[in-house]
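Right after this note come the structures.
Note that chain A is present in both complexes that follow, paired respectively with chain B and with chain C.
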Partner chain A sequence: MKRESVIGLEIHLQLKTKTKLFCSCSSDYIGATPNTNVCPVCLAVPGTLPILNDHAVELGVKIGLGLHCSICDNTRFHRKHYFYADLPKAYQITQYEHPIAVGGYVDIFADGKEKRIRIHHLHLEEDAGKLVHPTADGRLTGASYSLVDYNRGGMPLSEIVSEPDMNSAEEAIAYITQIRQLARYLEVSDGEMESGSLRVDVNVSLSNPDGSLGTRVEIKNVNSLRSIERALEYEIARQNKVLDEGGHLVQETRLWDDVAGVTRSMRSKEGERDYRYYVEMDLAPISAGPEYVRKIRESLPEMPWEKLERFTREYSISREESLQLTEQKETADYFEACVSEGAPAAKCANWMRMEVQRILRDLSIGINDFPVPPAELGKLIIKVEKRELSNTQAKDVLAVMVEKKVSLKEAVRLCGISDGRITGPALEEVIRKIFASEQEAVETIKSGNDKKGAKVKFLQGLVMRETRGSADPAEVASLVNCMLN
Partner chain B sequence: MIKKMEMDEERLREVLGFSCIGLPEKEYAEVLDRVNAVLRMCDDMQELDSSNVSPFEWDVMKAPARRQDRAVVWEGRDRFLDQAPVRDGDFFHVPRIIARDDVEMEGEE
Partner chain C sequence: MEFHKLSALEIAEGVKKGSWTASEVLSAHLERIKIFDGQINSVVTLSEESAHRDAKETDKAVAEGKDPGPLAGVPFLVKDNFCTDGIRTTCCSKMLSDWIPDYDATAVKRMKDAGAVLMGKTNMDEFAMGSTTESSIFGPTLNPRDFNRVPGGSSGGSAAAVAAGFCPIALGSDTGGSVRQPSAFCGVQGMKPSYGQISRYGIVAYASSLDQVGPITRNTGDMAAAMDVLAGPDPNDTTCDAYERPSFSQAAAEGIKGKKIAVLTGYDAESMDRPLIEAIEKAAGYCRSAGAEIVEAELPITMKHAVACYYMVALGDASSKLACFDGMRYGHHADGRSLVEMYKRSRNQGFGKEVRKRILIGTCILTRGYYENYYVPATKVRQMIADEYAELFKGVDALICPISPALPYKKGLVEEDPVRIYLGDAFSSIANLAGLPSISLNVGFTEEGLPTNVQLMGPRFGDAGLLGLAHVIENKAGSPPIADIEKKGGCRE
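Let's look at the complex of A and B:
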C-alpha cells in the first residue's frame, strides 16, 4: 500500500550571544575547563533570580523575521519540569504558550522542485549542561557514575518548530540547510551540527489511506545531516513494514543508533502534562512592540534568497553560479569585493567556483581563511583580461600567493614574470621541461647532427608555445643555446 | 473544600520513572508512606488562614526586565564544587543515572 511519509522538524539553534540566557556567564564554553562558565544563577542556587539577556531576544526576533513569522508583542516564559542531572533547577525555563514568533515559512528546493514549508512557531529557551559518562563508548549504558559540566547550562537556544510539511529525507535536509544558511546570514548562530550549535529532533509518521496523519514517532540523537537522512530512511521503512505486517505503531520517542544504523525505542511515557508547565513568575513578560520590531527589521541584512536573485540579475551569471556564490554570505561578500576591483563578474564567478573552491578544498579551509584578499584576486583576473598573464601563469601566481601568503606583485616576481614576461629561473624551468620531453632532439643537437640548427629552432618554438609567447625570444634563444652546451 | 492529596503505588512508580530513580521492590511501601506524609503536611498547611497576611513575593514587574549582553566572571566555582557531595576534578560527580528503560525493566521483572 502506498503511504506518504510526513515529516516535521524541531531545530534548536544556539544563539550567538556573549553571555547565557539568564545570567552573565560567558557563552564561550567550547574547549573551556569544565564548570568555569558558571555562577549561582545557572547552578540553580536557591534565592537567585534570572534576568533575561536582551541580545538573545533581539536574535530571536531577527530569525523570526527571517522566517517570515509574526512577532508576538507580549510573550513570556514557563517552567518545564523534569529530573535529570544536567538540569540543576529540575526545570527548564522555556517559552510554552506564548512563543516569541509564530506562523512563518521557508521556501526550499528539493526533489527537483520548489516547496514552501510552514513554520509553526519559534521560541526561546535555555540549554542543559553536559554529562560525561565514563564508558568506552561515552554512552550512559553501563556507566557506574557520571560527570556533569554546567558550562553549557543556560546557553540561549531558539527552537524552530515546523509544520509537518516535508515528505522525504531530501526535503528535510533542504529545510535544515536553508535554516542554517539563514541563521548564518543573520549572524544569529554558527549553525554547526558538529559542535552542537544546531540540533535537530525529527518527527515522522505515515499518512493513513484517508489522508489523515498516522502515529507520530520522534527521533532524537541525530547529529549530522547524513544521520538525519539515514534515520529517516530507516524509520520510514520500519513503519511501513510494521503496517504491512498488520501491526500497530506506538507514539514514542526513538533514539538513532548511528553505528548500528537503526532507531531504538526509548519507551518513554512522559507526556506534556508530566512536565507540569507553569508560568515562570521570576521573569516579567517580554514586550516586543511594533517600534522594537521595526528597528530590528531595518537592521536585517540582505536575505540569501534576495542575494541569489540580485546576483543572477545584476551580474548576468547563471542561477547555478549564483546559488554556489550565495551559499555562504562570506563567499558572496568575497565575490562582490573582487568584482568591485573592476574584474568582469563572469570571470570572477568562474575563478571563485573553480580555482578558489579547489584550493579551499585542498587546504580544508573556509573562505574566511583564504589568504588572498579579494582585491588581489580581482587584480589578478584583470591581468588575465589584459593578456598580461596567461591563464596558466595566473593559476601559478595564485598558487604562490596562497602558499607564500604574498602580494600579487611579489607572487608575479617569484614566478619569474616580468612585465608580463617569463624570464630568468622560471624560463629555465620551462626549457628544462621541454628538454626532458624532447630528448631525441636534444641528443641530435648535442651529437652535432643538427647542422642547419633546425632542431634548436624547433626547441625554441616549443618554449615560446609553452610560455604562450610571454617570453623574450632573444632570451629564449640565449638560454636554450646556453643550456645545450 | 480543597481536595486532599494522596499518591498510590502506581503513581509513585510513574514519578520515580520520570525522576530516573530506581528503588528496590521492598522499599516501595516505606517510600510511599513518607511521600504521603509530606503530602498530608502540605494539605494541613493549605488549611491555614492566610487571608490577612500580605503575600511574600518578588515584584517581577519592578525588577530589570532585561540585561545587557556583557560577560562577568564569577570567581566562586571552586567553593561550589567543594560543596558538592562528590567532586571529581573540575566536574560534579553524580551517582549512576538510571535510564528510563532500566526503571521500566525493573518494574517489569
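Let's look at the complex of A and C:
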C-alpha cells in the first residue's frame, strides 16, 4: 500500500499594528538602522514591564474569526525560556496553554477539488531580534563574531497552527495562499514571505500502511512558496526512500537548503529543549468577552470565499473569472465599482482580466496604482457597448488614459474621436487601412473602371463596418472620394 | 533644630509655611548620614548633587508661591533595586555594580513629584534575596537598635536608615516580607500594600506576582501620607490596578469602633520568641479598648503550606526574571569562546551565592516533571490560601498575627541555619501570596531594647482601613523613637 504524506503547517503572520506587541516602538522597522527601533521595554532593561498592545489582540481575534475559530476570553500569555542573543529577556512572551483562538477551519481548492483544512489554534506572541553574521554567506559558520539587531524584537505575531490535514505540496501551497489572502482581506497582515511578514514551518510525515501517523519531521528555513513546494517534494521522497530501504525515520527538525535543494538535520527530538513554560505574571489575562468578539465579528468585511461565491452568482461569470477577480480585495472592489457605473459585468470582467491585467503586468504595478478610476473604465466599456467606440479604439483610449493620466473624455479627444464618433484623422486612418487591404478595388476605381460606383460603395461599407457605425456616413463618403483622387 | 527628629509631615508643613527650607532639612539629614552611617552601613550611594538641586527646586516653588507638593522637602532614600535616573542602581550585586538607569521608577517619580527629595540608595540583600541584608556586595548592614544583630532584609538598609533618623521615609520592595520583616527588626513601621496598589515599574523584579513597593516610616501618619503619594494606576504597569484610591490619610484617622478584628491562633506559638506573642496580646488589647470586637481565627491551609508555596512561586519566577542578566546589554560581562560560555561566565561571576542558589532551585522547579509536581501544585495552594483569606475577611475587618517568629537574628545566622531563616518568612509571605495589604507595626521594645511588633492584615485593597487600625494601635503604643545610634550598641533605655 502506498504511504500517504501528511502535512501540517505553522504559519507566523506579522500583525499590521502601528507599534510592537508590548511597547510603543514603531512596527515600521524594515530598513531602519540596526538597534534604533528599540526602547527599554523591548531591550528588557531591568525594571521595565510589558504593556499589551490592544490592537494586536483585535487583529488576532479578526483572523481567528476569519478562520472560523472560537475566541477564548481571559486567555493568558506564557513565558518561553531560552538563552539566545536575539532574545533580551531570555524568554519569549507567547501564548501556550491558552491560545486566544481555537478549533477553526479553512476551505482550500487544490488538485481540482475543495478540501477543508482544520485549524488547531491561533496564538499571539512576540518576535525575536535578528542575528547578523559577518560572513560572505551570512551564516554563523566561520564567523568570528556576530551582531544582533533588536529592531524586530517584540513585533507582534500570530501563529496559526493547522491540523495535519494536507496530503500534498499543492494542498500546502493552496492552504498558505488561502491564509495569506484572508490576512490581506482582513488587513491583519501584509502576508509577504519576502519581507518575512509571513513565515511557515512545515511538518511532514508519511502515514503507515495501517493508517497510523508516521514519524514527524519539521522543516524550517523555507522562505518562499516555491521552496516550500520543493522542500516538501524532497522530504516526502527522502522519507519514502528511507522507509523503502528498510530504514527508520527520527523525529527531528531539518533545515531546507534552497541552493542544494535538500533538507539537512538540525536537531533531533532527543535534543529538544525544555522551555520551562509558565504563566507570564507581568500581564493580566487578555480580555476578549462575547460583546467584544461580537463587535469585531460585525466589523468583518466579506470573506474572500464569500465574495467568490457571490461574484459567480451575482454577476453570472465563471468560477475561474471570479477567482481571478477576488484574488485581491482591491481588484474585486475595482471590478464592482466598474460594474456599478452600469457596464455589463461580463464585459467588465473581461476587460479587468485582459486589458487591465496586461497593463498592470507591463508597468509592474498593482491595482492600487492603476491610474484609471474604475468609474472611467466603466464608462469606457459602456461606450464600446453603445458602439460609440470600437474595441480597438477603446483599447487605444485606455492606453492614452494610462499613459497620459487623463480623463476618458480627454483621451477620446486625443485619439481624434469626437462626440463618440470616429472622425477626422482617425477616420482617415481607418480608410487608409481599408485601402491597403483592398488594393484591387482601389486600382479598379482609380483606373476608371468602376462605372456604376459599386467598388466605392463597397469600400465605404467596409469603413462603416470597421468603425461599427460610429462614423458619419456622409463624412465617410466624402473622405473616401477625396482620398481616392 | 534637630531636623532628623521631625516626621515627614512636620518637615513638609514647615517647608510650606517657610519655617525652614528644604535645603536646610536636606543638609541636616545628609550630615547625619555622613557622620553615623559608618556604624551601620545602611546607605550605599548618596546623590548629594541631585538632592541639593531637587531641594532648591522645592524651595524655589515655595518662594514663588507655588504648591510644592504634599511631601515638600521630605528627604527620602530608596532601596537599591529601584531604578533612579542617573543614579547607580546595583541591586547590591556585582552583576549591576556599574549600571546607571536613565529613568526613575514610578514610585520614585511620584515621591519626587510630591516634593520629596531623593538622597540616595540603601543597602539590601543581593537582588532582594535574603532576610538579613548580609549578602550585599557593599557589606552587611547592622541593626541600629543592636549592632550585633541583623537589620532583617531584604530592605534592611531602608529600615535601618529610617530607624537611625537618616530620613523619615524610605522605600523598600516586598516579595515575601522584605519591607515588613526589616521594619520589625529595626523598630519602625513598614507596609506592603495590596498587590496592584503601587506601580512596580522601575523595580528590578524578583517575582512578578509577589513584588510590591512599600513605605517604611517611624509613624503611621507619614505612612498614610506616603501611600497617598505612591498609590495609583500607572500606564507602564498593567498589573497596577486602575481603581480610584481613597485618601489613606483620612481613612487612617477614622478609628475602629465596632470593627471586628481577628487574632490568629492555631500555630506553633511555643517556638516563637515570647515577647512577640505578648506583642500580639498587647495590640489586641489596644483594639478592644478602642471599641473593636476581638475574635480568634485559624487558617489551617495557610499555616501548613505558606512557606513551601511561597518559595516555589518566588524562586520559579526569580529564575525567569533574572534570566535577562546575560552580560549582553548591561551588567557584568565576561568573555567566552562561545555564546553559552559567555553567558555562563558572566552569570557565575556576576551573581552571588544566594542568588545563584535561588536561580538554580527556581530553574529546577520550572523544569518539566518538577513543574507539574511542584510549581503547578504551588499555584493551586496559592489560590487556596487566597480563598481562605477571602473567606476570613467576609467575617472580620482585619487580622492580627506575628510578622516574624523571632526577634532580630544575631549576625551570621544565615550561614549557620539558612533553613531557619527561610522558615522565618512563614507569616510575612502570606500577604504576598494572597495579594493582601499588610503592615508591620512596632508596639514597643524588650528590656534589652529589641523591637517587638505585630502584623496587621486586611482584605485586598482594604489598605486604607488597615492604616486606620495601625493608627489606633500606634496611638496607644506610641510610635518608635529614633535609634540611639550615637551610642555604639544602639538603644538600651
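Basically, the second predicted complex is superposed on the first by the 413 of 485 C-alpha atoms of A that agree within 3 Å, B and C clash if a C-alpha of one lies under 4 Å from a C-alpha of the other, contacts with A are read in each partner's own complex, and residues count from 1 in each chain.
The rule we apply is simple: contacts are C-beta pairs under 8 Å (C-beta built on N, C-alpha and C of every residue); 3 or more make two chains touch, one makes a residue touch a chain.
Fair warning: this is a prediction, and the values are worked out from it, not measured in the lab.
Colleague: Is the arrangement of chain B and chain C around the shared chain A a clash or a fit after superposition?
Modeller: Here the two partners, once superposed via chain A, clash with each other.
Colleague: With both complexes superposed on chain A, which partner does A:143 reach: first (chain B), second (chain C), both or neither?
Modeller: So A:143 only meets chain B here.
Colleague: Where does A:323 make contact in the superposed view: on chain B (first), on chain C (second), on both, or on neither?
Modeller: It touches nothing on chain B or chain C.
Colleague: Under the stated touch criterion, which partner chain does A:85 make contact with: chain B (first), chain C (second), both, or neither?
Modeller: both
Colleague: Of the two partner chains, chain B (first) and chain C (second), which one does A:36 touch, if any: first, second, both, or neither?
Modeller: First partner only, chain B.
Colleague: Report for A:483: first if it touches chain B alone, second if chain C alone, otherwise both or neither.
Modeller: A:483 sits against neither chain B nor chain C.
Colleague: Is A:262 touching anything from chain B or chain C once the two structures are fitted on A? First, second, both or neither.
Modeller: Neither partner.
Colleague: Look at A:17 in the shared chain and tell me whether it touches chain B only, chain C only, both, or neither; answer first, second, both or neither.
Modeller: After superposing on A, A:17 lies in contact with chain B but is clear of chain C.
Colleague: Decide which partner touches more residues of chain A, taking chain B and chain C as the two options.
Modeller: The larger set of chain A residues in touch belongs to B.
Colleague: In the overlay, answer first, second, both or neither for which of chain B and chain C A:132 touches.
Modeller: After superposition on chain A, A:132 lies in contact with chain B alone.
Colleague: Output check: A:48 vs chain B and chain C. Expected answer is one of first, second, both, neither. What do you get?
Modeller: Only chain C; A:48 stays clear of chain B.
Colleague: Just one of 111-119, 417-425 or 435-443 in chain C runs into chain B once the structures are overlaid; which is it?
Modeller: Answer for the clashing stretch of chain C: 417-425.
Colleague: Would you please give the residues of chain A that touch chain B in one complex and also touch chain C in the other complex?
Modeller: On chain A, the overlap between the chain B and chain C contacts is residues 40, 43, 45, 49, 51-52, 83-85, 148, 274, 281-284.
Colleague: Using the touch definition from the top, list the residues of chain A that touch chain C in their complex.
Modeller: 40, 43-49, 51-52, 79, 81, 83-85, 88-91, 148, 274, 276, 278-284
Colleague: Under the touch definition given earlier, write down the residues of chain C that touch chain A in their complex.
Modeller: Residues of chain C touching chain A: 82-83, 89, 91, 96, 99, 101, 103, 105, 200-205, 207-209, 235-239, 316-317, 319-320, 323-326, 328-330, 339-340, 343, 363, 366-368, 371, 375, 379.
Colleague: Contact residues on chain A for chain B in the complex?
Modeller: Residue list for chain A touching chain B: 17-19, 24-28, 33-36, 38-40, 43, 45, 49, 51-57, 82-85, 131-132, 140-141, 143-150, 266-270, 274, 281-284, 286-287.
Colleague: For a test of understanding, state which residues of chain B touch chain A in their complex under the given definition.
Modeller: Those in contact with chain A are residues 14, 17-21, 57-58, 60-61, 63-74, 76-77, 80-81, 88-97, 99-101, 104.
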